[in-house]
């Protein structure tokens, strides 16, 4: 609190010319110019694009709303920031037609790109779509607005599997959007017997015909599971063992490559690949012998979620959109387009090729990635070690 | 009226070369100061601050990020990056110089040939790289063609090798070499070459004694424009090298993304930038001393 | 043009370099007509990826943004860069070496550092993200490239023409426009081409400083490939190649009587 006041004062001084630039910069830096702090500067001066502390736009009454859960009128515009090709082509048009709200739709390529914009308080987005534990990261920084469940009348359609996830206890911030698992895609016509273990990536028989994903969480995660540990482990001894496995397998791998491996699976350059289930299904459309398995040691399950940034100008419309996609027909349309699983239980019988929910036995093998917190650096060092080996 | 004003302004500039020089520098210089040096300086201060748990930095002062960089792991990466960038620069020079030379001799096709050097780069980098992957992979066009004419039985492994990375780097930076060499060759006085020819100099001698020395500024500019950015490249080694090696560019990229360690990423960038800046300044000093100072008044 | 002929081996080598540069383009054009989503092998001729372009507003809007950003930032960067190069080549002033050294900083700064630091700057001063911020960023990283290219031409450039013009009574501005600029022209064109190319192909920096409604074509393309390069990207690339080639041919025709460099009359 006092921190914030200092910031306010500092910025006011600067704006009114009482501080010269050099001392402003010095003070700003000593104050701890973390990105979020810089965002707070902005709030302080009120000149930022989306001052969170400022009252909502003109259509809200000046007096505080009697119900803290009430978000006021619905507004006329909604800014969505999502992964590309991650929605059915008619979803937005249908929403606009039903509600009269104008949707502006931008896309991003990585969680970090989206995070950087939220962290500095820019963008003006009403809704973004982080992957799994990124929700935790954003929430911990106070960048997200909690959901107002009273606007989500279709919430009951969400399958129990996606309620109360580890990365967002009690679904405080996140509405599940699409889900999938990470396992092994393989050419069943060439790889016999079919793989059932991460150990396949240590089998010299498939030398230079195998790939793992280009992501430290997935690679180290697979080797941790291989040795029977959690894929969120931070114990240095466990990590060292995983590193040894990873380095041994690197010599046999063709490459670390994620989604673009699909073309090479279809062409037969690659016979075994660590991959997501949805991407495997897309490749299998072109080459039916491509099959998918979650190894017996287990793999990861992930959910991408809709969340509302704290600075969102139109939270009410964002809720409206969330409720809209929780409708079975809309949710089914989206999954039919993306090929990924829907967390919407009521939509399951409307899907062209439904991705079944994992059964009890499978669920035991699937684990959500969690934010590694302070261990992030250690994992990164591991990745550098592996790639330099 | 306006004539006299113009005259007076010109007189003023004429008598004040320093004012004149700085008025040329001002627009671009200010732009770079405000939109480049100031933000980059902010990142520089970040490199001395503790990392924020979720990206960004915390307040405080520390040298740990610089100390961490001087570890054999990271120094090896730095060394490997430098070697790669050097090889790439030499290859670009060997391929690019003849092209630039041929363009200046191409008469009315000059403009077209110059344009053809640039054209491939008006499609997205990613699209071009995917097209290259398509050419290089085991079941790609090159291997299929060679197999169908019976030259080879087993596909040649080209994709995801250091060769593919180098091919991609050279591809990506070749125009940076060709354009400045072209720009400096283009001003070459042909009468000098004719004189050399008349005096009986053989083609090789004409080239090494006349053409090459006169185009040296272009060669140096091209070498800098290839060497420096290739030090920071990261996507090529990921996409064509199968992400099995790590270069400085990848390291920096990782720190700002997955590792969420901005200050370490900044520190690594600034070590790299300092090295380059120092070597550029040394080069400029040497050029100045050797009197090749471009005839400044 | 001139009698100094090129040796055959040189022509072969240069031809090979052009093949190397254009082979990927050929693949790209070919597979924009391929009837397969994963571009694996030839599955038959189709125009559906071109039809699909009509539905993809994001690609067309991206192209438009790219052109606006590319042209505007190239003009600014070329003017600023040329002036800077003139100052560096023609004048001795305090801090000249330092300035020239500093000009290499933008070339060596990793793009992600530029992107994030500019984003922080814009937010700090409350400048809303959009086309202007993208243009500002592109000018900033392009100036140095223009300087280096133009400077290479300026160094050792023959100044006798300029001096002759002055002696004959032309004032400095006239000399600059009628003598210096035409002599410098190939360098300026080369610098501008490089600047436009860099701007047209930049992804990392743009992705950080673009806001709602200012996503350029590379940003659109990059966000699409998380899943797969849809062949409609090949289609738009093919169209760009065809369009620019036609433009250049027209320009060549028009310029045939008048050489590309401004006349020295």
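Letters A, B and C mark the chains in the order given here, with residues in each chain numbered from 1 onward.
Keep this in mind: a residue touches a chain if its C-beta (ideal position, glycine included) is under 8 Å from a C-beta of that chain, and two chains touch if they have at least 3 such contacts.
Keep in mind that this is a model prediction, so the values were computed, not measured.
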Pairwise touch network: line, ring, star, complete, or other: complete
Busiest interface, counted in C-beta pairs: B-C
Rounded Å distance, chain A centre to chain B centre (Cα mean): 35
Euclidean distance of C-alpha centroids - chain B vs chain C, Å: 14
Contacts with 2+ other chains: residues of chain B: 42, 130, 256-257
Two or more partner chains touched - positions in chain C: 39, 116, 120, 222, 225, 229
Multi-partner residues of chain A (at least 2 other chains): 35, 116, 260, 267
Chain B - residues contacting chain C, complex: 6-7, 10, 13-14, 17-18, 20-22, 24-25, 27-29, 31-32, 35-40, 42-43, 95-96, 98-99, 101-102, 105, 107-108, 110-112, 114-128, 130-132, 134-135, 141, 171, 174-176, 179-184, 186-187, 189-190, 193-194, 197, 203, 214, 217-218, 220-222, 224-225, 228-229, 231-232, 234, 249, 252-253, 256-257, 262, 265-266, 269, 272-273, 276-277, 280-281, 284-285, 288, 292-297
Parts of chain B lying in touch with chain A, wherever the complex brings them together: 42, 45-46, 49, 51-60, 73-74, 76-77, 130, 137-139, 157, 160, 238, 241-246, 250-251, 254-261
Chain B-touching residues of chain C, taken from the complex the two chains share: 1-2, 4, 6-7, 10-11, 13-14, 17-18, 20-25, 27-28, 31, 39, 76, 79-81, 83-84, 86-87, 89-94, 97-114, 116-118, 120-121, 136-137, 139-141, 143-145, 147-159, 171-173, 183, 186-187, 190-191, 193-194, 197, 200-201, 203, 217-218, 221-222, 225, 229, 233-234, 237, 240-241, 244-245, 248, 251-252, 255-256, 260
Contacting residues of chain A [partner chain B, same complex]: 29-36, 110, 112, 115-116, 119, 137, 140-141, 208, 211, 214-217, 250, 253-257, 260, 264, 267-269, 373-374, 376-377, 379-380, 383-385, 387-388
Touching residues (chain side chain A, partner chain C) in the complex: 35, 38-39, 41-42, 45, 47-49, 79, 83-85, 89, 104, 106-109, 113, 116-117, 120-125, 259-260, 262-263, 266-267, 279, 282-283, 286
